[in-house]
Structures are given as C-alpha cells and as structure tokens.
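In the part that follows, the structures are each spelled out as structure tokens.
Two complexes are shown next, each including subunit A; its partner changes from subunit B in the first to subunit C in the second.
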Partner chain A sequence: MSCNTSVTHVHVSSVDQAQKAPVHLIPCEIEHNGPAQVSQYFTATIKDRKHEKTVSFRGRGLKGQELSCPQGYTGLVLKEINKPGSDQEDRTVKVSSVFDKLTYWNLETPPNSDDTVVRAMDWPDLAEAVSTFNKINLKFMVQ
Partner chain B sequence: MDISPYETDNSVSCRLTSQIPDVCRKEDCCLGIDEAGRGPVLGPMVYGICFCPVSKKEALKDLKVADSKTLTEAERENLFQKLDEAKSYVGWALQILSPNTISTSMLQRTKYNLNALSHDTAIGLVQYALDSGVQLKEVYVDTVGPAEKYEEKLSQLFPGIDVTVRSKADSLFPIVSAASICAKVARDHVVKSWKFAENLGEVDTDYGSGYPNDPKTKAWLLKYLDPMFGYPQFVRFSWSTAQTLMDSKAVTVHWDDEEEDGEKAAQRQNNRSMLSYFGASGGDNGQNPTQQTHRFFTERRLRSLNTL
Partner chain C sequence: MATKKRRTPNIQSDSWVVIAAGSVIDSQMHDSNPAFVRLRNPSTDEASLYMLGSCDEQLYEVKAFDEDFHSWFVGQTVQRDGRLLFVTPMDPLYLILPYLIKSGKEGKFQPVDQVVMDEEFPACCRLLRCTRSLASLHHIAEEKEVGGLKFHRYSEEKTMNWLQKKVERTVVALKKRNISVGEGVKSTTYVRVKSESDYCEEDYLRYAHGLISEYISEDLSKALLRHLQLPELTSPKETEPPSKKRKLSDKPVEAGEDYTKFNSADFARKPPKKMTAAQKTLAKVDKTGMKPMSSFFSPKVKVEKK
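Now for the complex of A and B:
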C-alpha cells in the first residue's frame, strides 16, 4: 500500500503548443515505456478494409477501429518533466501531445459496440447527468 | 510467372492460376500437389497443383520435369517455361501463404497449426480444379506427415477420385514434380523481390536460404530485430528461431491469452492471485472492501486516479 501525499501538477498551458498525435490502444502489455518506430513498423502495415482495420503485432492478428473522444473532451498524452527522487515530492507533467480520436485494437475479434473502451466513453455523459444532482467530480482514466 | 497480384498485398494469402486447358474439361485428368518453403523462417509457403489429361502423362515425362529440390534455380525457371509452353494440356494453380498468414494462424487464440493449414490449402486447390471443371480422376500428393491418414482424409473428401499420398512423391510422379516446380519458382520470385510494407529504407536482401540454420539467415535476423516490433512481416513470428531471438533481445510483451504462471501474472499486475489466499501469509490486508467499485466501472475498466 502506498501512502502517497505528493501532488501531481499538470502544466495546462502546454496544451496550446501540443501537436495532435495518432494514438493506438493495443490489447497487450508491453514492458517498455519510451519511443518506438510506430510509423515505420505499425502504421505502414495497417490495412484499411471496409468496416475494420487490420494489422499484426508480433505475429498476432489485430482488428481495430477509430474511436472519437467524447464530445467536449480532449485526449492528453502526458509526460513527466523531472522524475522526483521520492514519492513524497510533488510531480509535474506537461502535455506532450493531444488527440481527439484514437484507434483501438482487439486481438483477432472484430471491433464492436460491446468493446470495453467503446463503453468507457459512456461515462462522461453519465457523469454529467450524475453531477447535476450531486456535485461530485470524478477523475477517471482508462486502464 | 507473374506474381504481381500477390505483391499488391503480401500480408495475405493469394491464389495465382493458369488458364484451364480445354482438354482438361473433357478428358480424365491427373493432378499433383506439392509445396515449397515449409521450413524457412522467412517468406511465404507456396502450395502448388499441376494437372493434365491422364493420356498426356508420357508427354509430361518427356518435358523431363524432376523434383524441384534437385534442380538449380535456372533449371527450374527453364522447366516452368516448358510447362507454360505446354499450356494447351497442362494447367496449374498456386496458393501463396504469406508469412503474416502463417504467423497469425499459428499464433491464433485457437491455434491453427502448419499441418492443418497445409491440408486445408491443398484441399482448397483441389476444390478449385474441380470447380473449374477439370475432370479429376487421379490425385498425387507429396507429404511430410503420415501418408495413410492424409490419404484417407482426401479420399473421403473427394469420392470418385483415386488419391495417392506418398512421401517424396515429387520424385516419383512427374505431375507432382511439375507442381513442385511451379511452387518453388513462385516462392523464389516472391522472396527475391519481397516488397517490405514497413518503412525500413534500403533493406539488405542477403538473407540466404531463409532456413534457420543458414548463417546468412541468422545474421539477417539479428540485424533486423527491432526491440519493440520484433520483425517485419517477412519473418514468420511463429518460428522458434524468431521467438528465441525476440525473447532475448526484444522487450517483453504479455497477451491476455498467454499461459503464464498465475502467481507471476498477478504480481506483475500488482494484485493478488487466488493462490495467495492459500499461502502461509494469507489473509485480507488488501483494499478496503467498503470501497468496492461498481460494476459499471469495472466492466469499462475505469478507475479513479489519485496518482500517475
């Protein structure tokens, strides 16, 4: 259990300089955090068929589709500027890029409206409905 | 041989066919099946059928077709030319199984192994010949697996056709040799002029035979390993050679259908597996049960954040 008392600050002003970036959500966990040759290997091999996109990653077949961010929302890619030495220190992140849509990928299954991430986008509407009764403000993220 | 239909999208499987000779629709025919490029870690596997009237078996023998493996590349090209010149009575069809098809099939959630893929491809080609009106009476098949079972399977699928499955059929029956030449010529062409869909700039094409034990192939696989993506689609990811190299030199990737030790997976995901409840240090010191998340959120994998 962590007893984290630090505060994370987001440099909101960096939104203005941030470029739009293509974002892919892929159905696996990669033990890596950092740059990768996405456009050379991944984007270049995506096939756009009528109702779905196909690609493969590490020899496994993926099917995907584009998904827009909920109306009025912007996706943010955050980057930590200086990693703090301990978990007691405050942290600062800046917006490195923004997105208004993303491409999510399923392992072999055609994309459909029951997919977790599609349904996750229900939350903003629901949250708004709830908060008109109750001034609760919930932060959320997609795991 | 024109392989351009395959080159428009070399990530998927593609069928190339000759014209069907008129005589094959009228007379009883024999058909041979063979494959090229089963073993290599690079490039496609090509299945080939070749067919002609039974009455032309001798004429085919006179073309001096032989097992493609005993021939040089130039000899194979030459023999393919001869088969093409005999198109009034010889027809062929090829199924090019792209390396990406092989990888994604063999690594599918419900595994589709190379033998099953091979059999289905061969069956598909025989069916193509039948659908095109070829009067099939005899089918000869080269196989690497057990011949009897395969022969039984094909005989049941194609009643009325005399099916012969033999290992080394490509050196026993000229019509199988002819099929093996068509398949091998196609594979040679494809490998030689492989167009990388990836944006890799100039790619070194000195990849040797493509067999895992070829030092040139090994060197190429080391040179073109990307720590994130592994390899371009030219490589069969399902081959242990490729897997071993990625295991040692590329970043680890976890898929949800992977067989992984439950305890280890739980540790990695920073939660506890069922097994830990049976351990000596078991007991509930985890999350406060009163803060249980509603199904609405867990189903959507949403969670409230207090740290990054």
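Now for the complex of A and C:
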C-alpha cells in the first residue's frame, strides 16, 4: 500500500507562466499524446454559425459549442514534470495551460443543454451543497 | 467488413485537463503548494484521490467526468485521455467521520488526533489541519474539555442532524439548478421532460440522499434514510437509489493504483458493447481512485408510489 503515501505536488506558481490555450473536447479517441497541427488542420476549418460551430474532422461532421467554466472555477491543464522512477516517490505537476472556456464537439448531433458535458458543469455548484460546510465558505470560494 | 482494431495501451499520458476551484491556484498568500493525496474513501473504504490545498487549509475532492471515446486538443497538442477532472471543495468531516465512528465503538471520549490515524493512509492526519475541521467536530461528536484539552465521542444523533442539513441544502441546490431527479428522466436521452413542479419532494429527497450516500458508509446511508423517514425501496433492481448504482460503476475500482498510470495495459479498453448513453455513463469505471461522476448522472430511480 506504499503508493498511498506518495503525493502529487501542484506547482501553483507555474500558473503565472501558463498560457491560455484553446481547448477542444473531441468525440473520438485519438491514440496519440503530443504535438499536432491543430490550428492548421482543425481550427482553421471551423465554421462559426449562429448557435453552433461545425467542422469536418477526418470526414465526419462535428457540431460544437463553447462552454464556460463554472463561476469561481478555472480550467487548468496539469503536466507532470520529472517523472520519478518508482511509485513511492512524490510526483510533481505544473500548470502548463489555463482556459476559461472549452469547446466540445458532438458527432452529428447538435449541441444542446442536455449533453452530459454541459450537465457536468453543474457539478461544482451541486458539490458545494453536497459536500462543503456552509454559505460563508461558498462565498469565499467564489471570490 | 470492419476489422477489429487493436488499441494501443495508453501509458504515456502525463497531462490532465482539470476544472478547479479558484482557491486551488490562489497562491498569493501562501508559499506551500496544494497536493493530490490518497485518502480512505468513506463510502468505499478504499483509496480515492483528494487534494489538500495550500497549507492543508482546504480539502478538495477530485471527480472524473469521463465519456467513452473522447480526447482533447490542448493548444497545438493532442491529449488522448479525454477525461475532465473536477476539483471541488469538500467538507473534511466526511473523511474524519469513519475514524470517529470506529473509535466511538469503544464508547470513550478520546483526543481526536489519536483517533484520526491510519497506517495505510498516513496523510489522513492532515485532515485535522483543515481550517474548519476542529471547529466543526461538534456536528458529529460530543465534546468534552478537560484541562484545556478537548475530547470527542461519536454521536449518531448529531451526525444524523448534520447529514439532514446537507440533504436539505442539496435539495435546494437541485431545485435551483433545475436538475432532473424524477422518474421522468429518460435514461437514454437525458431529456428533461418534466418541469420542476412535476417532481414531488420525495424525488428530491431521495436524489439528494443518493448524492450524499457517496460520502458515507452504507450503514450510515441506511440510517439516514430512516432519519429522513423515507421507506427503503423494495424491489432491489429497479428501485435502488443512485447511491447503490455506484456499485455498478465502481466495481473494478483500482484505487490503489497510482493515478498517473491509469491507462496501463491492463486497462486497455474492451470492445464496446451496445449500450445506452446512460449505461455508458454508469459504466464509467474509476480506474484511478478518482470518483466518477456517474451517480450525478445516473438515471433517477423509479420510486414506487403506493
């Protein structure tokens, strides 16, 4: 059970250097981690219509929508630095990017308020009722 | 003819997309970093991932929103792991409670720092450093002060009242957010077919009870149901509260697993079976010790009305 003792430190000071990055949730699993020419082949072909964005990705039509982070919350992309050799050592992550909104994409179906990721954004608000202490705290968190 | 494609195991992932309470990164006043730690999940009794804020002031829970077949584009990079992690503040009393209950069986008043100890999860003593932990122990325990020292003994009565308040607050939040809680929720579509007024108070109470049950033991969950004067639902399959459904979603929790290794080979995805959207959501397996959000999305239980 030794791995229960290892903790993962979050270098918060790195948030100052973190760049705002456009973040897209894509409705397919891409078997790759690492660089890709996203702006050249994806972002550049997005069509922005009144209520929805559309894009063609690998021949499939995607429909997307922008989604803001809940109030009082920040989007962070955490990245591990200096991976340790064993699972007993502490790990460290830094904030590599920040975002205040993300774009999620559906395959074919138009985005709507019942999409699960939209509903997921309700979670922080609900979590504060379910699992925090009191209103005072809630205000403190939102500040 | 479609050929079955073998998925390569995802072992290289070293980044995570997170939505975190602003207080997590508000480091202005502090010089110590927040940290992800493993602590005993009061509901499953297994390891789950939590976060302790700077100087341990605040406990956060970590939940993974996970839909099959999703990946991220972050700037000019691809991140295969399509999960979205939520880091939200959490009342440390939930995690302290099981230790008090355990020691309460001896019936003695004890110093709380001798009670909240765990060989398996040494970080648990840090829970007592959270700003409100010590000051709010009286919600779940009787207090005695002798010679400037405080001693505590678990009180079920107090705990029930404390949990009832949580349920009531959750009901308010559910109504405010217009979250579907009734049987009208069609599990396959999530379409909100009923307006708020169509749900009865019991639907809300049961839903809230289900959410809170994610944070307490099964025994306590049952006791809370009685305390709320909600009859236990009879037919086991159809009428289990959302809390029970986590059994389904949490089954293969490999909580002891280091969370950075969550996609190692043994987690290679199985070929997808035909599932409804709801089943998919329920089947989200927490492979990492992070709690899935499935209970929140689970279709509400049919309440038998007689």
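One rule holds for everything that comes next: the second predicted complex is superposed on the first by the 126 of 143 C-alpha atoms of A that agree within 3 Å, B and C clash if a C-alpha of one lies under 4 Å from a C-alpha of the other, contacts with A are read in each partner's own complex, and residues count from 1 in each chain.
Everything that follows uses one rule, which is that a contact is a pair of C-beta atoms (placed from the backbone, for glycine too) under 8 Å apart; a residue touches a chain by one contact, two chains touch by 3 or more.
Just so it is clear, the model here is predicted, and its values are computed rather than measured.
Judged by the touch definition given at the top, the superposed model places A:Pro124 against subunit C, while subunit B stays out of reach. Within the superposed three-chain model, A:Gln19 lies in touch with subunit C and out of touch with subunit B [touch as defined at top]. Of the two partner chains, subunit B is the only one that A:Gly61 touches; subunit C does not reach it. Touching more residues of subunit A than its counterpart among subunit B and subunit C is C.
Once the two complexes are laid over each other on the shared chain, residue contacts for A:Ile30 go to subunit B and to subunit C alike.
When the shared chain is aligned, no partner comes close enough to touch A:His51: not subunit B, not subunit C.
Touched by subunit B in one complex and by subunit C in the other are residues 4, 6, 8, 27-32, 36-37, 39, 42, 78, 80, 91, 93, 116-117, 119-120, 122-123, 126, 140-143 of subunit A. Contact residues on subunit A toward subunit C in their complex (touch as defined above): 1, 3-13, 15, 19, 21-39, 42, 69-70, 72-80, 83, 87, 91, 93, 95-97, 114, 116-117, 119-120, 122-133, 137, 140-143.
Within the complex, the subunit A residues that touch subunit B are 2, 4, 6, 8, 27-32, 36-37, 39-42, 44-45, 47, 56-61, 78, 80, 91, 93, 107-108, 116-117, 119-120, 122-123, 126, 138-143.
Residue ranges of subunit C in contact with subunit A, taken from their complex: 7-8, 10, 12-25, 27, 33-38, 47, 51, 54, 61, 63, 65, 67-82, 84, 86, 88-91, 94, 120-123, 132, 136, 166, 169-170, 172-174, 177, 179, 189-192, 208, 211-212, 215, 256-261, 277, 281, 293, 296-297. On the subunit B side of its complex with subunit A, the touching residues are 9, 11, 100, 103-104, 106-109, 197-200, 226-230, 232-233, 236-238, 242, 246, 251-257, 268, 296, 299-308.
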